[in-house]
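These notes open a run of structures that come right after.
Two complexes come next, and they have one chain in common, subunit A, joined by subunit B in the first and subunit C in the second.
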Partner chain A sequence: MRAMLDRLVGGRLVPLFIKELTQLGRNRRLVVMLIVPPTLQLLLFGFALNPEVTGLKLAVVDESRTPESRQLVSAFGESGSFLIPAQYPSSEQAGDAIARGDADAALIIPSDYAERRIRGETASIQLLLDATNANTASIAGGYAARIIESLNRNLAAQRPRAARPLSLTTTVTLLYNPGLQNSWFITTGMIGTLLVLVGSLVASGSLVKEKETGTIEQLLMTPASATEIIVAKMLPLLILLTADIVIALSVARAVFAVPVRGSLVLFATAGMLCVFAGIGIGTFVATFTKSQQQAQLMAFFVNPPVALLSGVVTPIEAMPEWIRPFTLINPVRHFATISRGVLLKGVGIDILYPNVLALLAAAVLLVGISAWRFRKQFG
Partner chain B sequence: MAGSAGDTVIAPGAPTEPPSAPAPAAGGLAIRVRDLRKHYGELEAVRGIDLDVRSGEIFGLIGPDGAGKTSTFQILAGVMPESSGQVSIFGQTPLEARATVGYLTQTFSLYVDLSVAENVRYIGELRRLSLDEIRERGDRYLEMFDMLQFRDRLAGRLSGGMKQKLALVCALIARPQVLLLDEPTTGVDPVSRREFWDALAELSGTGMTIVVATPYLDEAERCSRLALMHEGRLHDTGTPAEVRQRPRLRRIRVRTGNLEAAEHILEGIDGVRDTQRFGDSLDVMVDDTAGGESIASEALAREGVTFTALKPEAPTLENAFVAVLRSIGGEIVVPAFPFDSTRDPVERGAVAIGAYGMRKSFGSFEAVRDVTVEVRHGEVYGLLGANGAGKTTTIKMLCGLLEPTSGDVELTGERGSLRSGAVRSRIGYMSQKFSLYDDLTIIQNLRFFAGVYGVPRDERERRISWVLEASGLEGREQLMTASLPGGWKQRVAFGASLMHAPSVLFLDEPTSGVDPLARRALWKMINAMADRGVAVLVTTHYLEEAEQCNRLGFMAAGEVVAEGSPTEMKAMMRGRLFEIIVDNARVATLALREALGHDRVSQFGDRVHVQSELPVADATSEIRALLDRARVEVLRIEETTFSLEDVFIDVVHRSRDAAVAEAS
Partner chain C sequence: MKRILAQARKELAQVRRDRLVLFLALVLPQILLALFGTALSLTVTDVPIVIQDLDQTALSRAYSDAWRQTLTFRVVELGSDSQPIDALDRGDARAAIIIPENFERDAIRGVPAEIQILVDATDANTANVLRGNAFGVTANFARSQRSGAAPAIRPETRLWYNPGRDSKRFVGPGAFAVMFALFPPLLAALALSREGEQKTILQVYASSISAHEYLIGKTVAFWLVAVAQWMIGVAVLRFMFGIWFVADPTPLLVGTVAYLFCCVAFGVMVGAAIPNQAAAIQLVQIVGFLLSFLLSGLIFPISNIPAALRWIALFVPARYYIELSRDAFVRGAGWPAMWHVPIVLSVIGLVFFAVAWKRMRRMQVSA
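Showing the complex of A and B:
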């Protein structure tokens, strides 16, 4: 152990490390790449992918015209999600309004609504949604369901003996409501995607550049071993990308007011493991490619699946059954879970340890495979 | 278009209908340059040059990397404005003359995934030629360059020389009057280079004016006239013969078993102007032949150094350029090495690099088959080969970067585990132009290599300052490596590969593209290393470098087909070589080729080289008879020595013929 440490610190690793660090420091494009895209993308995704929907125009057809029906309408109005620009006399006209784009949704309250409620029977209302934008439609449906549910709870509280409160069946499949989660949800997960993305690009870039210019041969002719070369390539990146963790978290805090409820150490550790995974992916890609262009094209195959199959943007529950197991090997998925757990829920390692272990395994595996490939190619 | 070039004025703005070749009568002035200057910020790349190029000649602009050749070409081609001075091409400014000028840049813009014919057609269509014209002209040039049968081959699948010729066809399709070629043969092997120059001679025969830039002096020999360019200025202009004779120095070639001692003795004694060491001989420059011979033989005898031959030879272009460069003060002094011996003791004459029956296959393709080579400590061994001969694969296996499919490789006494750090710390390696990190400063590069090779800490600063001194960069170590011109960079890279006092050196084209003085300085260092017992393996396809090696191995089709010292290699040639000076070299070349075969005749400017297996008297009478019939006046015929290039081409042809015979 002592001898190994001596070899690492006193030997060739130091000049290799200094060389890599100097080269990275001189590479303006890289420094820009480390700072700008993460910040920008975090902002972009935080705002643009924020699934919160506000100001949906709701056309109301109130055939009941009772205090009960007005209570329902005002529940929608007060939610903040819906605006009620006008009432329409018939459902046909409300439908036309949606067709014209004057309204995004229509609420039709039948004439027997109040009677049925008073009788304690299940009253049904009709909600028409403009599903042109399926996402907005499902979110709106989710809002409506939530509004009605809370109304139901209030009514149930008033009338504890009621056998069965109001219910709506139309929107049951949309009950998963992404609208509940806002920019916090996106940004906390997005940090992991960014770390893997930037890490893989920078790592493949730095290795492929040596291949492209031919200096890799010169390097391999030195007494430095393939392991030393690869370690010296990875370490400075790890340091630089750790800065990305800080940048990303700062942006998330400053712009979206993401809270930090749990341990920052745990978060940083997870972040670093994520960076390692990214470097591993990048190095792996680099061993298969000859030019920066090829490497970037190849990264294009690797990175989108990693980003999409992580549950950062699309919920894993919404993915087909057969694909879900694959997300378990995705480091970003585990980082997202840890990140959300630590930052938003304030839970610790006692709960998150399966994810931490999985992330560690993924990082070790990716770095290991890439180092093995590198050694096999050049060792 | 007949008449003197001076009054051949095409009105500016006239339709760019390509003028028809042949260009104006040969001998008129095609290009006239006066006091041309070009600045890039503070850097002055071209510092006032005067140049006259006659119509129909091949004019060579000879100079190392960074001499200002490319800047001059870009101005002549009208793609970059001059800072000051006058340039006229057939009486027009370069911008006006653009339609009449064909310009080949250093990196050819061929479309590798188009066929030969498609490339030609694309360029022709860009020039708005009709399809018939394109086909007619394209086929004519392809035929002239012996490429018609490759019309449908993808450009990416052509050999280096053929790619070059295709680029030439593309440049010719618009029928330029002037062809500007910027280092057209860099990275091209000797066989392809000779093919390419044959094509140029062919073109110049049709009246085309050709200006060609090159850092290689053997190519300079094939120009009608040439000028030496150095640091933005032109120094010597004339025909190759004029330039060679100008310094009025005589060359005496000394052959001896102990070159090191002989050089040491003759260096700096009275009457000796200069000495230069080659692989198996020493050149001594003196004022007159007889006096020089006696001075040299007496000095050697006094010190007890025996020599096998001491005879006068014609001075070379290199001798002339060295004299010119010295007169303008470009001398490079190589400081003494900071170490006396290699890090690990070596035994002179012991095998340092050995390959025994080494083979390498990639799939079904056999890149290297059965190579056996031994390089001993204290020896400079040159490995030569055409592109695709398996040279790169061989060297990679010898230095342990690649595992042979079968056979044994030995490196500094180790077999098997060539990839160990211990072996590699005894090896110095310099690949051409890739050796340093461009994005580090010079000092950072040197510190890195010193560190990674484990140069002892207390030695590092001393050795780094030695490299800086040897490359003339003291006080400029904070410069970015990318900003250094090629020659300087090569010297730093070479120094960097020596800092750990290796026992074995691998050098890939260590001195290509540098000026003759820098090349001499580098070879001085290489020889000094060999004198300390270092085994040096050089790969190159520049024969100027090959001349510097003690022993050469020629590779063709994955095998070492010939081995020996430069002199032995030349002696291996069958027959004799005759140099014929005639009044019309073009007609003479064509007539002789017709009768004797294409491969035996090549045109060198105003001279023709003919290879013949007949006795001297029979050969000369045959040549005279042939030329008489062609109505060419023979001014002089004399037997001359084969160049290594001749040997190389012969070796390649023979191995190709053998392969054909084997196949049938």
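Showing the complex of A and C:
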């Protein structure tokens, strides 16, 4: 054990480590790159991805023109979910408004509406929804159903009990994110994507630069082994990128008021593992490329699947069945689960350990493979 | 004219010879289109939920079955000793339905029986959809239990353009548009900044070609590459997503000519301004791609973006082209709704090109 420690600390690792650290410290552009793009991206994603469905434009065609039909229209107007910019004389014109994008939905009340209501029969109304955007259509349909249901309830209260639906009420409690802030969902996951992407960019950049300028040969001529060189390259990056974890979390807290309900230590550990995975990916890519721009182009093959198949932007439950297992090998997916667990749900390691282990395995595997590739190439 | 064609031919020959670039040009866009179209969906299915039935009567079991019959939800068993909240904490379930004691008795007597529904709102959008569904399941169940309880008002809902609420029809045409905001400008920017980086630009200066001929030559070459990408992309939409033109395709065709020019011109501008390939790639990636991904209405409506950021979307070409491609592939309103798009795209493209030209002209003089 002692001998091993001696070899590690007393050997060439420390000078190499110091060399890397000074090199990184002198690189102004790198420092800027570590701070500005991640912060900007976190802000952009947090602000721009907002699923709220409010102010839906409803085109109304009231063929009944009775107090009953006006009651229905005003129920839609008062709900706050729909705006009624204009009434249309015919359903064709309302349909055209949807086609032009002037309306998101149309409500068509037939001429016999009031008559049927007065006779106690079921009155049908037509609701047209622009389902181009399936998600908005689902939510809009839900809003409309709710408005009509509450009207129905009020009307049913005047009937004998046997003709009323069962009296069931539902109270929905929204846990962890009662304000339905999508930025909480996006930023908590996005931090992981950023750590992996920035980590891989910086790692491949620093390695490819040595390859481009030929200084890697000089390094290899020193008595240091390939393993020592690669470890000494990775460690300072890890320290530097840890700063990114702090920056990202601070932005999320300060701008989006993301809560911290669990252990920050666990969060930071997950973040470091993510950085490790990123460095592994970057080093791996670097061993295949000769130049900076080749490395960046190669990243186009790796980054999109890592970013998309993670459940960060869209839920994994919305992906097709066959693709879901692939998300399990994605470090960002596990980071997102841990990050949301710690920050939003306030749960601990006792629940999150499977994800921590998976993340650890991914990080070890990626760093291991890349170190092996590096040694094979230069050792 | 001859010099423009020569420049374009030289550029295409260069693309053909570089295997990595050729792959980036023709294969990767389609892979990403397929990936985006498949992975970017908001329509959840099979969401795990738990039901805690404290009543254990015929009615409460019938109510539980109503949940089992939906496509959106999948009921997972709640261990006998664990509480619903634990299942949510662990992430085993996204929602918990708690049926109170005396559920059946109260419901029949007409005393409101209160069902508690806990929703994991970590994912705000999914939580919103689940809340709406939960409401619908309960209301339908309440009505189905009383034969005489026909509702006073019954909505007949029609979903236009996309009756199956298939999110591929929404994301497919959108991802299709975003792809062209990434790859054609990337290739164009690489080609121009390479000349600057490797100083072959000096040979261009020394030759008889003028700045606009040089730029038009490059633009034409990469526009042709983009057209090839576009055609393969349409085939991917057709065969992977089952999407095809629903009406008159001419607005899309005209708009495509303008949009591809706009995208290539953006790359030409970046490449002319930055004689460093690595930096040019990053700029295209961040400005061209990120903004097109986030501020174009690809996933959520642009109107939801805070006003302080929303104005940027006015200058994002993909935002206009997405409207156009969604119209051509899904909605089908045609020219009356879309006439402005080719004009706006041409104007933005010309601005990009003019900036590149201004930059090039100056370099020529100073070099």
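Convention: the second predicted complex is superposed on the first by the 266 of 379 C-alpha atoms of A that agree within 3 Å, B and C clash if a C-alpha of one lies under 4 Å from a C-alpha of the other, contacts with A are read in each partner's own complex, and residues count from 1 in each chain.
Basically, a contact is a pair of C-beta atoms (placed from the backbone, for glycine too) under 8 Å apart; a residue touches a chain by one contact, two chains touch by 3 or more.
What you are looking at is a predicted structure, and each value in this text was computed from that prediction instead of being measured.
With both complexes superposed, C is the one of subunit B and subunit C in contact with more subunit A residues.
Look at A:Val313: by the touch rule set out above, it reaches subunit C but stays clear of subunit B.
When the two structures are aligned on the shared chain, A:Leu235 is found in touch with neither subunit B nor subunit C.
Once the two complexes are overlaid on the shared chain, A:Val364 sits clear of subunit B and of subunit C alike. By the touch criterion defined above, A:Val255 lies against neither subunit B nor subunit C after alignment on the C-alpha atoms of chain A. By the touch criterion defined above, A:Asn27 reaches subunit B but does not reach subunit C. In the superposition on chain A, no contact is made by A:Val302 with either subunit B or subunit C.
Of the two partner chains, subunit B is the only one touched by A:Lys19; subunit C is not. Shared contact residues of subunit A, touching subunit B in one structure and subunit C in the other, are absent. For subunit B in complex with subunit A, the touching residues are 399, 401, 419, 421-422, 424-425, 427, 429-431, 433-440, 444, 447-454, 506. Interface residues of subunit C, counted against subunit A in their complex, comprise 20, 24, 28, 32, 35-36, 38-47, 85, 88-91, 94, 106-108, 110-129, 131-136, 138-139, 141-143, 145-146, 148-163, 165-167, 169-170, 190, 277-278, 281-282, 286, 290, 294-295, 299-301, 303-306, 309, 323, 326, 330-333, 336-337.
By the touch criterion stated above, subunit A contacts subunit B in their complex at residues 11-12, 14-16, 18-19, 22-23, 26-27, 213-215, 217-218, 220-225, 379.
Contact residues on subunit A toward subunit C in their complex (touch as defined above): 37, 41, 44-45, 47-53, 55, 72, 95, 98-101, 117, 122-139, 141-146, 148-149, 151-152, 155-156, 161-178, 180-182, 184-185, 188, 292-294, 296-297, 300-301, 304-305, 308-309, 313-315, 317-321, 323, 337, 340-341, 344-345, 347, 351.
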